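The following pair of complexes shares a single chain, subunit A, combined with subunit B in the former and subunit C in the latter.
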Partner chain A sequence: MSLISLDAPGREILLMGNEAIARGALEAGISVAAAYPGNPSSEIIGSLAEVAKEMGLYVEWSVNEKVALEVAAAAATSGLNALVAMKQNGLNVASDFLLNLNMTGIRGGLVIVVCDDPAGISSTNEEDSRVFARLADLPLLEPSTFGEAKEMVRFAFEVSRAIENVCIVRSVTRISHARGNVILGPLPSTRLVPYFDTTRSFSALPPSITHPVAHRRLKQAADMLAESRFNGYSGPETPELLVIASGAGVLFSGEVIDTLGLEARVGLLKIGTTWPLPEKLILERLRTAEKVLFAEEVDPVLETNVKALFADNNQRLPRITFLGKKSGTIPDLGELSPGLMTRVIADLTGTAIPDIDADYAESARDALENFTPFRSLAFCPGCPHRASFWAIKKALALDGRNGVLFGDIGCYGLGFLPTGFRQPKTLHAMGSGAGMASGFGKLHDLGATQPALTVCGDSTFYHAAIPALINGLHHRSNFLMILLDNSATAMTGFQPHPGSPVDAMGDPAPPVLLEDLCAAMGIKTLIRDPFDLDDAAMTIFELIQETGTKVLILRQECALVRAKKTPRRYRVHVDPAKCIGEECGCNRFCTRVFRCPGLNWDVSAGKSVIDEAICAGCGVCADLCPRGAIVKESA
Partner chain B sequence: MERVSSQDALKRAVLDEGLCAACGACVGGCPYMTTFRGKTVVLDRCTVEHGRCYRYCPMTEFDPDAVSALVFERPHDTEALGHLDRVISSQAADPAVAALGQGGGTVTALMLLALEEGIIDSAVLTRILPGEEYARGVVATTTEEIQAAAGSKFVGSHSLAAVRQALDAGHRRIGVVGLPCQVRSLRKMALYDLKQENLKERIALVVGLFCNWAFSSRDFAAFLAPRFGPTSIKRFQIPPPPANVLEVETDDGATRVPLDELRPLIQESCRTCPDMTGEFADVSVGMYEGMPGWNTLIVRTSLGTRLIEDAVRTGRLRTDAFPDSNLEHLKKAALQKRKRASQA
Partner chain C sequence: MEKDPYNVVVTGVGGQGNVLASQLIGAILVDKGLKVTIGETYGASQRGGSVMSHVRISEKRQYGPLIPPRCADLVLALEPSEAARVLGEFGNPATISVVNTRPVYPVDVISGDLTYPDIDRLFEKIKSLSAKTYFLPATDRALELGSPILANIILMGAAAGAGLLPITEDDLAKAITERVSAAKVDINRTAFRVGADLVNDVPAG
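On to the complex of A and B.
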């Protein structure tokens, strides 16, 4: 049972940042929430889906972020409050619509929560989506605590309704995925009824008329934000060092000032309304500043905007030394951390960093070594992707023409690592593997001899790969699209997708099947089981001998989903009498090359062993052992 | 820097150079390499530094004196035909066996006898299995299985992969019929015996086949497929010069294909091979040019001598003299191959 719908104003409860965001949306009285899953944003819509029925919401996992924003915009042009959540890459997908929606505005409330992933902990990039706010002339807020995340979302809806345009909230992994105490506010007792006022139109055309409106709305937002309690200053009137921080930078800087006892020397200007800036407040602080340090994550957004503000007002301001990403004081990539901020602030103020208790340091090191063994990024035990990449590897080796596998986004994105035998050679955005394969498959006309292949997950296929497939088909491109169909949006937490028989709220939904879509396009489409390695490999081999656009669906349920529903298919063990270990003719083939985490190398025995605790019982390794030493028995 | 594994070295020296003879010695029992439609394919990188793949390959370093010492107990005989006891002509006495063979059925007769007498407990032979397109090595342990493998295949067939199969099956006295490259590989196995498998004893009998060259089996299959269909071919024959053709015998009769059309299909490794007669075998067998139904038989070791004597004594084999003029011709041909290799 979810805590986010708890009707207990004033109660303090522990929530994950994303749950706090969802709660904020509930307190703001949303009616519609939509998203395409993507870490670190997935739990926002996930937790709203859980309470959808109870709270009278419509919640959906949309096919992609652009459609999610369009679904929400339909609600918000009909007077409702609607929330859209996405990761940073998702905003790119949604941006084409967003940069037109901003021109027309809305009639209700529409908040986009974009969860950035500094350091790319679960992403291919670490782009700073705050730049979109300026690009789209839309206000953007940045929470620095869990409680503030909730409050800010509620406030964002106020702003959005007031200016009749979208408001963006930017979270980051450390806020979305950590937990903290949140004080609950009241839930609205009334629901809005959707009505599209047909006396109004929402057309971006012509920009000569709509662009000035967007600017006017932004100005209106600026006035609201300038008065916001999410901005504030603490510290001496004339600080030696003024730290201007947003997001997690606020927390870390505050902690460092406190730890180093610099409260009387260093000031902290917290900016919660990153765009448009609270200019009056900032100018007030700059008047008494000598040295300014910016603490923000990824790009120098705050830094650049404050410097521009300084330039506009320089005649009334002192000479100031600005330190941040531009000066190299703070790295211009990755996350901030308390350690980093300690070193920077201690250095700038000439403060000694207090020694860490030697005993504590040692016990921390021990704990780290004992409880967090080194693990390489790898597919789960029994993951069908491992088998699929094995089959692809074999087919390409047998083919011998140095085929190129274009990768895509999903768990199988890890395929470029040893766990996927380094098979995919590209990794960019959702659906890009198919697009690049479509392009490479045309280079055969220009003399290319390498076969073109792409892998694409089921959810990714619906999201963005279908247009690329159609493109390839229409242009008679020679490539094989391998759909790694594990029947789940596995990487983000098994959300349903259009191929699922159920929707986000648990209601039955008509599945749109991969094979039906491909058949409707008239593409040659085969379905195979990746666990039947030789059959899968030979099928791939045969398909890449043919010209034209082909689809192979490698269908096997995600091992994690399967494990929740069905017992293991096989009990697997190693017969030590047959295992020859490091000898010629094996050379630890199973643990060194196949590398399933369920297979361990027993150093003292010089034999492989199955880790029964995590073995998923797929039985694939038994088919690979050159000595028949891995035995699978039907469980 | 990563160390060079046996497989790396093999790739560098042989596979990447297009010099693989398709003997099959490296792929038997190895999960890192396989054969696919007549080619040796590396599937994964192996890091073993003293592996059998490089050491047993006929195309890597070969020490003829060491092998001669092992097989003949003397230094390498650099004469045109290698060390030998005698050269005779022969044919299987049983007309049914003779009819199976390419020339006179001598090899089939000898392998049958060796199995019957217990000189060997299994035979590694080359066969195109029913329904298959490519020749491969098989482990034969019955009369029928040996007879089914009769006849030349004219291709690199990776048949030595089956030696590993026979060893794994626990056979203790394995007889192998192979091309000169395969004979070299078999003797390297016995000489180096990297895993102390007693290969000197267990590879009990080596019968060499005369060979001037072999086709790449993939290229040969691709050549034949559009012309003859997949399964209708019964036998190949190369009639003596000056015919310069390959006779393809099918259900619909014999078709002659000019050898000049086929020369591009010859394995690159054959162009560098100096050995026409399988100089390190126990006995070597080839066609007897101008004498249909007969073979040329070179007896080289004491085991070979004993086998031939038994075959004659038990009425399996008919033998005759091999005229000096033919011997000179044979030597000339062998020297020509050696010369070609030295110029390659």
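On to the complex of A and C.
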């Protein structure tokens, strides 16, 4: 249940950073919100969708981020306030439109919240979205606490309306997926009525006219940002070390300065308006600085821009040593952390880090080395992807031509790991498995002999794979697209997609079915149940013997979604009289090969057992056991 | 709170409900006027990985979302080897641990590629890294209540019962009503009481 619509100004509650962002948008009076789900951003639109009806909003899970931005832009060119949220990869998808929208501007308020994922905790990359602000001549803000995230989003709408252009807020995992105190502000009582003023047009053409307008708007934003309360300095007038920090770096640095007792020696310049920079404030601090350390995630964006500002003003400034990612003082990748900032600041100030008892430290090291078996990620118990990848593995082995499976983005990206039997061989962007399979399928004309296959989830299919499938079909490429249809955007929290019978606001929606789309294109399309392993494997084998572009839908609901709605299908147990363990010759197939966490190996008995606290009751392992020792009974 | 900030790590394996437990603890304490920051690591959390939430409680300020190394005051562990993992990095001689005794085996252990530590030696290791340790059969009791997911609330009840967290059963009921579902209040109240009773029955090591 979301608390973001609580009408209690002044009340202080615990909110997730993403909820604080959503609350800020509500307080700013948004009418429209749109996104394609992607962690760490998903809860922004998720929580707005929950309160959409109550708050009189239109909220949607769009088919992809570019369309989400276009949907929001329609609202914002009609005078409304609209919010778009996405993860860093999503901004790449939306960027083609963004880099034209910035030239025309808008007539209402449009805020893009992009949630970056330093260290790629739930991402394939850790790109730093802040570079887009400069590329697009748009203002960008970076919150460092949950309360500030809310306030900044509200302010971003003020900026956006004032400059008639998009304003970007960049969050990171440690803000978006953290929780903290947020003081609620008032919610607006009036709503704007959308009206597209047809006396005005929004065309990026010609850039010779629109580009200067974009520059002028950015200059106007710079003035507003410089006067905002999101930048500030705390510390001595002449610090021996000046830390310039943004985002999560602000909290980590501030705590370290306190803990090490360096308040009188080290200053902290917090930058909340990263682009354009608050130049006057920064120059004031540089005037008394000798040594500057940058604390930001991921790329040296602040660092580079502050250095450029220094270069422009160097005749009026002292000699300064700049330390950060360029100097190697801070790693040029990954997250910041309290431990890292403690080491760096202690080292630069010659401060001793309070040490722990040596025996304890030794015992702790022993704990980490000898008592903490690594937990590699695995498909959930009862996950249909495990069965699908097993069927693929079996079909490719039977085929014997060393077929290539091109992977894609979603839970099934974990197919690289042992529980997907390491079947996919590529992993890049949404839909790129289909595009690469389309390309590889044409290499048969040039002498390639390996079959081409790709796996793609249902949500990913709508997002970005359809153009690649059309491309393959039109060019008579030989490949099999296997759609792993688990009826959800599972990786990000089970959001609906265009194939779902409901929309984000819970209203009935006409599902655009995978098989109907493929049939309309004239592609041979079969549907199978991955839990019927032999049938699924034989179907894949047969399809890759054929030429042309083919689609196989392996349809079975996500085990987590299913578990929320329906009881277990089967009660499963191992008959100890039948399981003969290592004597079997099956190489402990159920545990060593199939690796479902619901199974366990009883070392003392030398037999498999089912862990009742974990087993999802799918019953697939019972079909795989060569001795029939795993018994499934209808629950 | 005697110590400020009071740093709590709630740890376990994806799907054990540790994110919800930390959220409930945080919501309750913010309602009591405290500043709470919770850092969570998930994204792939349903999928077998270690999941840890850092809960930082203060009367004075909003702390950052990560606890510095060696600075945990309380560890609530839904899984024993995860307790060792957290103590190894965040433990100190004053850390108190409340630990569910039931292992969740990593897939690499299930497959035989890795071994799970000997359970008695693991418990000894956890004790040696804690000033005080409470071992509880939380999952077993949760299964008796009808669902293994209740182990998280049992652990919360135990920490409260041992005087390690200033939260009551009524606080939990309010937070569950506001943030989860009024229909789930009774079963969570029961789980909380089971935890509070358990902690009084087991001797602290």
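In this section, the second predicted complex is superposed on the first by the 613 of 635 C-alpha atoms of A that agree within 3 Å, B and C clash if a C-alpha of one lies under 4 Å from a C-alpha of the other, contacts with A are read in each partner's own complex, and residues count from 1 in each chain.
The rule is short, and it goes like this: a residue touches a chain if its C-beta (ideal position, glycine included) is under 8 Å from a C-beta of that chain, and two chains touch if they have at least 3 such contacts.
Quantities reported herein were computed from a predicted structural model and do not represent experimental measurements.
Colleague: In the overlaid three-chain picture, which partner chain does A:586 touch, first (subunit B) or second (subunit C), both, or neither?
Modeller: Once the two structures are laid over each other on A, A:586 reaches subunit B alone.
Colleague: State whether A:351 touches subunit B only (first), subunit C only (second), both chains, or neither.
Modeller: A:351 sits against neither subunit B nor subunit C.
Colleague: Which partner chains sit in contact with A:288 here, subunit B, subunit C, both or neither? Use first/second/both/neither.
Modeller: neither
Colleague: So, A:426: does it touch subunit B (first), subunit C (second), both, or neither?
Modeller: neither
Colleague: If we overlay the two complexes on their shared chain A, which of subunit B and subunit C does A:100 touch? Say first, second, both or neither.
Modeller: neither
Colleague: Given the touch rule stated above, what does A:329 touch, subunit B (first), subunit C (second), both, or neither?
Modeller: After superposing on A, A:329 lies clear of both subunit B and subunit C.
Colleague: With both structures fitted on chain A, tell me whether subunit B or subunit C touches more of subunit A's residues.
Modeller: Comparing subunit B with subunit C, the partner touching more subunit A residues is C.
Colleague: In the superposed arrangement, which partner chain does A:377 touch: subunit B (first), subunit C (second), both, or neither?
Modeller: Touch status of A:377: second partner only.
Colleague: For A:14, decide between first (touching subunit B), second (touching subunit C), both and neither.
Modeller: A:14: touches subunit C, not subunit B.
Colleague: List the residues of subunit A that touch subunit B in one complex and subunit C in the other.
Modeller: In the superposed arrangement, which is not itself an observed complex, subunit A uses residues 592-593 for both subunit B and subunit C.
Colleague: Okay, in this complex, where on subunit A does subunit C touch?
Modeller: Touching subunit C: residues 1, 3, 12-14, 39-40, 117, 121-123, 145-147, 174-175, 177-181, 248, 251-252, 254-255, 259, 337-339, 342, 356-357, 360, 363-368, 370-380, 411, 414, 418-419, 560, 588, 591-593, 595, 597, 599-601, 611-614 of subunit A.
Colleague: Using the touch definition from the top, list the residues of subunit B that touch subunit A in their complex.
Modeller: 6, 29-32, 34, 36-37, 39, 41-44, 46-48, 50-53, 194-195
Colleague: Where on subunit A is subunit B touching in the complex?
Modeller: That would be residues 393-394, 397-398, 400, 421, 582-587, 589, 592-593, 624, 626 of subunit A.
Colleague: Within their complex, state which residues of subunit C touch subunit A.
Modeller: For subunit C paired with subunit A, touching residues are 13, 15, 23, 26-27, 30-31, 33, 35-44, 46-50, 62-70, 81-82, 84-85, 87-89, 91-93, 102, 104-112, 114-117, 121-122, 125, 128-129, 139, 143, 148, 178-181.
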